[in-house]
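Chain nomenclature is as follows: A, B, C and D, assigned in order of appearance, with residue numbering initiated at 1 for each chain independently.
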């Protein structure tokens, strides 16, 4: 265990040392703080992924919205209605969409297991393609490849509100019993969530768009807020390496908090005139 | 008392279409009868900051205005654009327009044609409209290093080297100020991250209300100098420009945002009233729901 | 099998690493690729993919019509709308302009009269000036959708200049300028639809806030109070609210905050009434009705500005950092190849 | 008089009101507008992305404008004969006018960027999804995009949303008490908000208390966002009403008034006829 830590430490040190040697020559000047940040973040997360792989138990606090997913699909099954999954309006160049598609994989696995209809309207053709891949895999994993067909995932329009209008149409005419909104959303979030609310569906939202979280919080039953949304697929997968990465992410967060407090303390001391040391300059942030 | 309670409970369970109707009327009535609804407009510190920054620019300075909105968000931002152009042209500042959104250049064309004539400004001599380039942040980065790698011609197809105002303008460093009129992505955030922060050019923004809470950390950090938030922000800026210009002997018509503030205020009041009503009902019926054990 | 299964993972990992570390490498073409080309490539691929999506949409709508499924009649509209957009985009350009060379200086006024029949002229004098400065080669400031209208206008003004030509703007420009069939579609069909869908939100935001802004618990109350203060404080009407209304609201707001804690209505109302009379009393004693005397906290505008400058900014920052961490961790998992959506 | 213009005004008023009619409930007008919108927008986006991405940015980079009279090397002339072939295809063998591929290349760039063949190929791979046997090639294109996103966002978000915000952890003590207090609020709010997001710690004890404070800050942020959203959406509604009022002018023959009246009448008739078999009104 400790050997691995040492090994990762040595490798990171060597990388940073090489960077330092080539600084200004091989490497661009001016963004050394970011470089060191990347190495630090990567090695921390990698360490915990590795630890989890070798069998370390990791506790994750429960997130209500994730527990509710299976429940929601179950209810749709009981009612004989379909499940709607909206992967947001951004393309695959946003990490949010990637996270949303990963969650879709888990939802599809559950619908396959329960033999419930799934409907995934998309706003981008590339998202449509990867959502299909993801659903096909899930149906296969659930042992029900016979239930899968390509039109589970279909394209509506690249335009934001045309897409919203189309999804709205699906909702008011097909009346799904469970609606998932997982991805990057803009103004259409409330339009979707309010319509979903008016048809009485269970709604579970998750998004990394800070400005849309309030609408989901007020109109949906459960909302995965910001970082929770990105952690969701790891939670659901139960794979040790993904769960390890969540732990690593937590440690990075802890480091950010510690650094912020350190910056605050040192800067306060500096402002009092007790110490002639500017921590921001030291960290390369000024 | 019991009757009152019943009324409140009945109101509380009203069909949401009544709410729609109320909101619709609250906007429509002040529009149809503007004389009954007039309100004084007082500028917030953020709008004042924007005004002061622009007003401090010298005559003949160069300002880049980026149009990052389209017809659907026009009501919120276009008034800011008009007021801004009034302000800039009255100070004989050269204006350069770019669009990061495809429909942004329609907005830019409309704004210029509404304002330029009044100040006798000529296209190509006093202002230029470079049009839309796809790519978002890549465009911003490109402009930062060399405008001519991004744009070889302007919106009307003129070569950049033939345009008088483009003389001695090589990249963003040649501008004194950047103003982003932004309705989302790509927008103000990209200008801060990829142009204004690295190059140290002052910038302000006029953005949609919904974006304000996302952009406010940058304003607090002084990476953006002031912010016009949505239509109310536009109205405040319009008012500041109008008052100042009239002191300088130029008459500007009251702007669209200022006119619409009455409707805006009415709608807000109606919504707040609805919320209060909803809460009274909620409070009166709380015990029964508690028993029911609904979430 | 290798090409189907492993190759995509290898591409994703290598592209990810290349772009991540490309930011640091001091070699101009790599920097250029990372800054510009990488996203441009994506845009190009996405543009190709759009046709794939459009075909899928079309297929489903056609199937709906063919199978006469419920509401199939409306699908015809979707197909027609799509066909019209493609027609305006690739087959019928419009965007006809009329160009005059060597205008007779004496007939400029006549020309302006002709122009005024097709377009509003705000300032004829200024227009005269601009025509006079480009007599040799002048383009009429109106672009015609139909060729015959342009020809008709050219016929009207043919006597005023040596040469009158009718042409049409190049392909590609037709999606950017007014006066093409495509821009007509944009302004008359697309814009009203999209901006009205957007404006529907005004109603939904009202009904959502009516339903959701309840003093259910302390958190919900904070949401409600911040929301209401912002709504009132950011519009001019907030300025008009006199001190006693604000102080009353503060008292009630305080009451709302403690309401979840106190179940006995009598005690709660007692506290609220005491606070109410105390604040009014203080106001009368210190004469707050004079603007100078009013404490700053009794202006809704000031309160709202404080809320969005500090607590909101703090909340925003926390969410922003959290989201950034989530994105970084997900990106890292993609680069490691343990998370792959393809 | 421009009939196209007047027709356009009437059409846009009709479409606006059709969408608004959704507020009453799902009805034929809304369904028609919705379907038309989906069709038009899909076509609109396809056209725009072709004329503003594929044509200028891809073809323009591969075949930039060259001097038609100048001598060309053999490789270059082969290269441009591909261009002519594409033109031949796009004009259906010369039957249509030259449009996508103007003579002598596309204006905009001065140098051929051969590297753009890669996105061209990846784009075609994407379209190969239509050929069942070669559909898997689309995965390569998706893999490129996902990899690119990971590389770009990792750097971008670490830089601007974490490191830059660490900078903001300082409090300026040179101001008055009030501004120091506000600075502290900012810091405490940010830190406690972050604590809320800890996944591998149970939210009890001190962590629970701090994260509770964090939730309060998040809630205030959400409330404020909501308030701003109300403001923005109302502004947009006002904008729509402005347009409707303008369309009601005499020169447009009072389009708004007529269409409103007729639509309400038709909706009333529809609602009356619909009633017996309609158990699922949206409310």
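As a working rule, a residue touches a chain if its C-beta (ideal position, glycine included) is under 8 Å from a C-beta of that chain, and two chains touch if they have at least 3 such contacts.
These numbers were taken from a predicted model, which means no experiment stands behind them.
J.: Between A-B and B-C, which chain pair is linked by the larger number of C-beta contacts?
T.: B-C
J.: Which chain maximises the distance between its CA centroid and that of chain A?
T.: B
J.: Cα centroid separation between chain A and chain B, in whole Å?
T.: 31
J.: Roughly how far is chain B from chain C, going centre to centre by Cα mean, in whole Å?
T.: 11
J.: Could you give the separation in Å between the centres of chain C and chain D, each centre being the mean of its C-alpha atoms?
T.: The separation of the two C-alpha centroids amounts to 9 Å.
J.: Between chain A and chain C, what is the separation of their C-alpha centroids in Å?
T.: That pair's centroid distance is 25 Å.
J.: Could you list which residues of chain B touch at least two other chains?
T.: Each of 16, 20, 23, 27, 72-74, 132, 134, 209-210, 212-214, 217, 220, 229-230, 232, 264, 267-268, 271 in chain B touches at least two other chains.
J.: By residue number and range, which residues of chain D touch two or more other chains?
T.: As it turns out, chain D has residues touching two or more other chains at 19, 22-23, 31, 34, 37-38, 40-42, 44-45, 48-49, 52-53, 57, 126, 129, 139, 141-142, 145-146, 148-150, 152-155, 158, 162, 164-165, 167-168, 186-187, 190-191, 194, 197, 218, 221-226, 228-231, 234, 236-237, 239-240, 283.
J.: By residue number and range, which residues of chain C touch two or more other chains?
T.: Each of 20, 23, 39-40, 42-43, 45-46, 49-54, 57, 71, 186-187, 191, 193-195, 197-198, 200-203, 205-207, 209, 211, 213, 223-224, 227-228, 231, 234-235, 308-309, 312-313, 316-317, 319-323, 325, 327-328, 330-332, 334, 341-342 in chain C touches at least two other chains.
J.: Line, ring, star, complete or other: which describes how these chains touch one another?
T.: Here the contact pattern is complete, since every chain touches every other one.
J.: In the complex formed with chain A, which residues of chain C make contact?
T.: 20, 23-26, 31, 39, 42, 45-46, 49-54, 56-57, 60, 70-71, 193-194, 197-198, 200-201, 204-205, 207-209, 211-213, 223, 316, 319-323, 325-334, 336, 338-339, 341-342
J.: Which residues, counting only chain B, touch chain A once they are in their complex?
T.: 16, 72, 184, 210-211, 213-214, 295
J.: Give the list of chain A residues in touch with chain B in this complex.
T.: Per the touch definition, chain A meets chain B at residues 161, 186-187, 198, 210-211, 221.
J.: Would you tell me which residues of chain D are touching chain A in their complex?
T.: Chain D reaches chain A through residues 19, 22, 26, 31, 34, 37-38, 40-42, 44-45, 49, 126, 129, 138-139, 141-142, 145-146, 148-150, 152-155, 158-159, 162-164, 166-167, 169-174, 187, 190-191, 194-195, 197-203, 218, 221-223, 225-226, 229, 280, 282-283.
J.: Can you list the chain C residues touching chain B in their complex?
T.: Residues in contact with chain B: 35-36, 39-40, 43, 122-123, 126, 130, 173, 176-178, 183, 186-187, 191, 194-195, 198, 202-203, 206-207, 209-211, 213-216, 224, 227-228, 231-232, 234-237, 239-240, 256, 259, 301, 305, 308-309, 312-313, 316-317, 320.
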